[in-house]
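I have a structure here, written as structure tokens, and I will follow up with some questions on it.
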Amino acid sequence: MNREKVMNLIGLSLLAACFAIALTRVFSRTATHLGSDVVTIRFAHYQLESGVRGAFDAIAREYEKIHPGVVVEQMSIPENVYPTWTVTQLAGGTAPDLIEFGNSTGTDERLARYFQPLTEWVGSPNPYNKGTSLEKTPWRQTFLDGLTGWPNYNTNLLEIYGMPNTVVTIRIFYNRDLYRKIIGNETLPRTYQEFIEVCRKVEQDGERITGHKVIPIAGSKSNAPRITESLFCGQVQKLWAQYQGDDLRQANGNEAVLRFAVLKHKLSLYDPAIQSAYQITHDAGQYMQPGFMQLNREDAVFTFTQGNALMIATGSYDTVSLTSQAPFEIGVFPVPYPTKDDPTYGKFVFGPATEAGAPTQGSFLLYMESKHKQQALDFLRFMTSQKMNALFAAKSGWLPAVIGVDVDEKMKPFMPVMDGYINGFRPFWGADTYRVIDNNQYLLLGSDGSVKKFLDALSRDFEGALISDSQNVNKTSRNNLLRQDVALASYMQLSREGAAPAAAKKVSELNEIETKLELDLDDGILEMNELGLPPMK
Amino acid sequence: MRDLTVRLFVVFSWFIVSAVFANDTAKLQDAWTSASRALPDEAMAGFKQIPASSPQDREAVYGQAMMLLTVQPVTRGNIDQSVQLFQSVIDKDSSDDLGITAKYFLGRIEQIYRFEPDYAKAIAIYEDLFHNHPEHPVAQRAFVKLVLLKLYDRIPDAERAKDFSAFESQGSKLQDHDAVRDFHLVMAQACAKFGFSEEKRLEHLLAADAAGVVKDDTKANLLVSIAEVARKLNRKGLALQYYHKFLDECPRDYRTYTVQQRIAATEQPAQ
Amino acid sequence: MTDGQTTAKGRQSADWLKHLVIGGILFIEMFPFYMMLQISFKDNAMFNRSPWLPAWITSWHWENWIFGAKLVTPYLANTVFISVSATVGSIVIAVMGAYFFARYRMPFSGILWSAFLVLMLMPGVANIVPLFLLLKEMHLLNTLWALIILGVAGGQVFNIYVLRNFIEDIPKDLFEAAEIDGASHFQQIMNVVIPLSGSIIGTLAILTFLGSWNDFLMPLIVLRDRQLFPLGVGLIYLDGEPVKEWGNTMATYFLSSLPLIILFLFTMKLFVRGLSAGAIKG
Amino acid sequence: MPATLSHRKALHEWQLYLFLVPSLVLVATFMYFPAASAIYHSFFDWQGGDAARFTGLANYRRVINDVVLWRSFETIGILIIANIFKLIPSILLAVLIHRLGSEKWQYWYRVLLVLPMIVPGLVRLFIWKFFFDPNFGILNKVLDFTGGKTLLIALDHHFLHWGIFHAGVPVPWLSESHLIIPSLIIWGFPWIGTVGVLIYLAGLQSIGTEVYEAADLDGVNSFQKFIHIELPLIMTQVRLSLVLLIIGTLQGFGLQFLLLGANGGAGGSGMVPGLWMFNRAFSAGEFGYACALGMVLFIFILALTLLNNKYVRVEK
């Protein structure tokens, strides 16, 4: 008993001592941190990939050098906490000046409520590009994609909100040593047929040649779609061309015209093109490890970097992480499309898709209530100048988003291929349809899955989910419209009272936006009415 | 002495009153600025500060009516109250800027703010407005909404085509830049949606372009659409003109490759 | 144990079996601990070759531990401050609250009890924004106090719920005897409640402590300055890396729980058995 | 049970209320406020931001026809029943430890029980995922090695007709609709809840040695001892565990979310009410509806807790 008391005593006093040390550290620090009148610009992002934080840091230090009295701080928030984090900071009015675009920050409602549209500044050149080839180029046109789409440009609100740092392209990474060993040479597949040949060879001879089991493609929940979605889009290129309007718009997959075509039984899930798209998804899935749908990104990366798989498909952002981990040389090639003469898959495709629409990402949004809005905007310009974007690309190993930035020879194969056809739609129709597709995927991608099993199961819940998604889209459009309507009323009044020219310009813009929004909304409502369904939930 | 006092008093009170008015105008501006930034609570408080005796009261009431539509949470009660306030603004004068705009928003309430929209009422209000004040920009906006509503409200196709041609003639009376542009955008879209003639679609698209669109994205879509429709109608010169215009103005667009191919295909037979 | 001759023998032989069963179960329970330890000495290639068996000592990657130590140390002071304060505060207040409910049936105590219980049953969704706004109004953002207060408040309902059940099981005569001796309620808590429910208090303390030791969500949301971050935030950063070095990760995890292990090694009797296991038996 | 007081005595003991004040203040501020906000929003069409429209009971009317919700209650029902059975190992372990002759061993076993608690949850998750991994996982290796796989194939072929087990193809435990619930049930084997064991042991401590001696003299076997002596004495604690378990299971969705994602995995088999609530709020942006789902879930939990309090009696 006595010994026990001594132990307890030692333990508790140890704890007390630790606590005392902690106390002194905590309190001595708060005392020193008070008082300073420098301008602090904060920017928050969720990129924990190696190198990126360092790259942002380097840009911040450069900015501080030419702007004494300004401190730039980066805040990196882990991806799984990011939605909660942004939502609370925005609602609480404590958000940093610049926030990276994410699914949580990028909803129409949040963009409209919390972020400053940057449209009025993108028409004039970025002052930090002075002395470069982009000196006279409007800010918007200095980016690879001209900020024409998601995530920087919001097609519902018709405003530019985000300024990107990188462009993301999808590539298939392969283990060069293993490839030479198994295939015998390093001729890379340029068509889908050749690609499948490689996969087949790995499956047949991989174990015999290397002495251990080699999986052709390392798949996971997040890596498999990198290949299968591209192939899917290719198969529905011609189908989409039938539905695409005269403006030749690119599809996101959740286009109203597709949703209502299915609901009105003009387009069927069993349409030959869609069947073929799912068939090619199924076929590619057969060359990934069994049960890959239960694995995560890190599992697939592990399989690949340990030499257990020949290939992995992922975005350009993973390059540094992969090369630093893998004890072998890595090469890349684009996801090969079936050619027109492919006996099974050729008849649905136009050809390789353009990557001109490849989204420029790592985009920062300007917080509406920022205390130093002008300064933050200035930093945003600085960050996206050609010079700084080059610094970013060099330090992070990511692709640059700004044109004319020289990239490392190694990064060349990643640069977006601008020439190419407009792609088909992604297998994404909205949140609820995504859920039912996700729920049934195992029937397509499982070891004895088939397109028929999958589509039979999917078609049971698909229409219900489409209805729910259409109702949600209508509701979002309606809410957007209500917000714009009030803003319009306010600017109309302001333009009548003195603050005229600027407000009048805004009125004209808002009227145009409203017309576009209302056309979409009324179209959605009309379609639902024709189907005899409530237009909104 | 007394005269001076009176004069001083008059000057002083004029000063006070004007100061108060100026103050009220500034307050209104602040409130509208808040409203434009989606801060309805702040705006509402601003409008309520203006006393009923102030000459700016009518606009303040109008502002409150507007804010009642957007103060969160939105309730049926707020919407009804908003209708009353708008009506009181109209009752004072139904033909000045504020009166006409208030009327326009009565129509908007029936069309989109109500929990159960009443399109018939909205249509009646818009028709009334455009009929009585065909010159006023807001009434012309009401006409664009009327076009939208009537074309997209559920009616048999036959009537829709009839309405469409009626709108075509009425639309030529529009003068306000925004109304003209949006009218043609809507009509062009309707041609595509309901399968009216492609020639008309091209006419309306060109008219919208002539009026001038202001957003980059609308512009890009419009240029491609004009070129595509022209190509389908075999007006090669026009198509090529707009394809090239698109390439010049939107160099980094994802459609450039497709458009270049279209140009090549359009030029070929001519050679 | 004062067993009779025959049963003693029987018990001894049966104990063999019990030891075997308990040992087997404990082996499985200890398995994550073992894995954490052995992986912490490997790099990914070694882990890939043999995930289950420990590596030979000469090939151990000590740099994993250096990595972990570098990552963990800056966070320690904040973590200790938050966890200790929150645990002590939570337990002290909860014991008092539980005593209120368990000692007498006071007027309104039924209603108050239901009011407490309802909170435990309520699933939390979309709760974090109102909570954040509240902290903002109270000017507690970017302070460690916010985390301590949330830690204390968050544990109340559960702790009181469990403690009440235990305090009610204490024989009433003990309280009455103390009362006759002129003990105040406070003294009754000190002299009767705490000694007799020491083990459950210890268990709850461990739970509360662990909860705030590894928490990362609230700190990330409430704190802005990097230097205020506690340990859980550091771990979640590590977890957020898309490409994982399992050795590094495991070494860091192990190091982050090392202070807890040391603490428990010294005070385990207190925690495990309570202050006076004998008191009730006697 | 707490002693009932006369009003006079209660008045005399008024200081007792002071004991509750700190808890009450904290709980009222930090827990009621968010909870009230959730109830309030359940009557709104709310997408999580500023804009909200009062829609009265519309959300609740939608709940009635929500097929996914009612399907998720079936799933959670199975999980609750499984979890009730999963209480047994902890009780048995506590009794086993308690019955050990040597106090020293009792002590050390408890210490060893506490240690794994310190292992971060992330490590546990990592190991269990590794356990279920189709290609490298232990579970499939053990099944292949012991021939359990052949048994499963036969079972599938003759009785289940699921068509999911095939020779030479690894079993995808977490990506096959039929296997998700079994996997979730196997998860955590041997299902020892350290806290539970410690709580039971704390309860068992009150059994005096003389009780065992008397029982031994009567020639009572160990099963009877368990039923008649030990179990009744820890019924308070068992009931406590049961309540906490039901609440925890009904509210919980963390594991399902981490393993299967917000959509509930293959066939939606892992969709539980908590996850559906999360899905509606964060995938579909229907926060108002999610709050209404939360209220419905709350009513279920309340009902089950009341039933539990009524029928699982504690005899002292």
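Things worth noting here:
For clarity, chains are labelled A, B, C and D in written order, and residue numbers in each chain start from 1.
Just so it is clear, contacts are C-beta pairs under 8 Å (C-beta built on N, C-alpha and C of every residue); 3 or more make two chains touch, one makes a residue touch a chain.
In this text the structure is predicted, and so the values were computed from the model without any measurement.
Two chain pairs, A-B and B-D, are weighed by contacting C-beta pairs, with A-B ahead.
The greatest centre-to-centre gap from chain D, using C-alpha centroids, is found for B.
Taking the mean of the C-alpha atoms as each chain's centre, chain A and chain B sit 34 Å apart. Centroid to centroid, with C-alpha atoms defining each point, chain B and chain D lie 56 Å apart. Once the centre of each chain is set as its mean CA position, chain B and chain C turn out to be 61 Å apart.
Spacing of chain A relative to chain D, judged by their CA centroids, is 36 angstrom.
Residues of chain D found to touch two or more other chains are 48, 50-51. Across the assembly, chain A contributes 87, 91, 113, 482-483 as residues in contact with two or more other chains. For chain B, residues that reach two or more other chains under the stated contact definition are 38.
Counting only pairs that meet the touch rule, the chains in contact are A-B, A-C, A-D, B-D, C-D.
Touching chain D in their complex are the following residues of chain A: 83, 87, 91, 107, 109-110, 113, 221, 289-295, 299, 431-432, 434-435, 438-442, 446-448, 472, 475-476, 479, 482-483, 537. Partner chain C is touched in their complex by these residues of chain A: 4, 7-8, 10-12, 14-15, 18-19, 21-23, 25-26, 29, 33, 48-50, 75-81, 84-85, 87-89, 91-94, 297-298, 301-302, 305-306, 308, 318, 321-322, 324-325, 327. By the touch rule above, chain D contacts chain C in their complex via residues 1-5, 7, 9-10, 13, 15-17, 19-20, 22-24, 26-27, 29-35, 37-38, 41, 48, 89, 93, 96-97, 99-102, 105, 107, 109-124, 127, 130, 136, 189-190, 192, 194-195, 198-199, 201-203, 205-206, 208-209, 213, 216-217, 222, 236-237, 240, 244, 247, 250-251, 274, 277-278, 281, 287, 290-291, 293-294, 297-298, 301-302, 305. In the complex of the two chains, the chain D residues touching chain A come out as 45, 47-51, 62, 132-135, 163-164, 166, 169-177, 259, 261, 263-268, 279, 282-286. Looking at the complex, you find that chain B touches chain D at residues 38, 72-76, 115.
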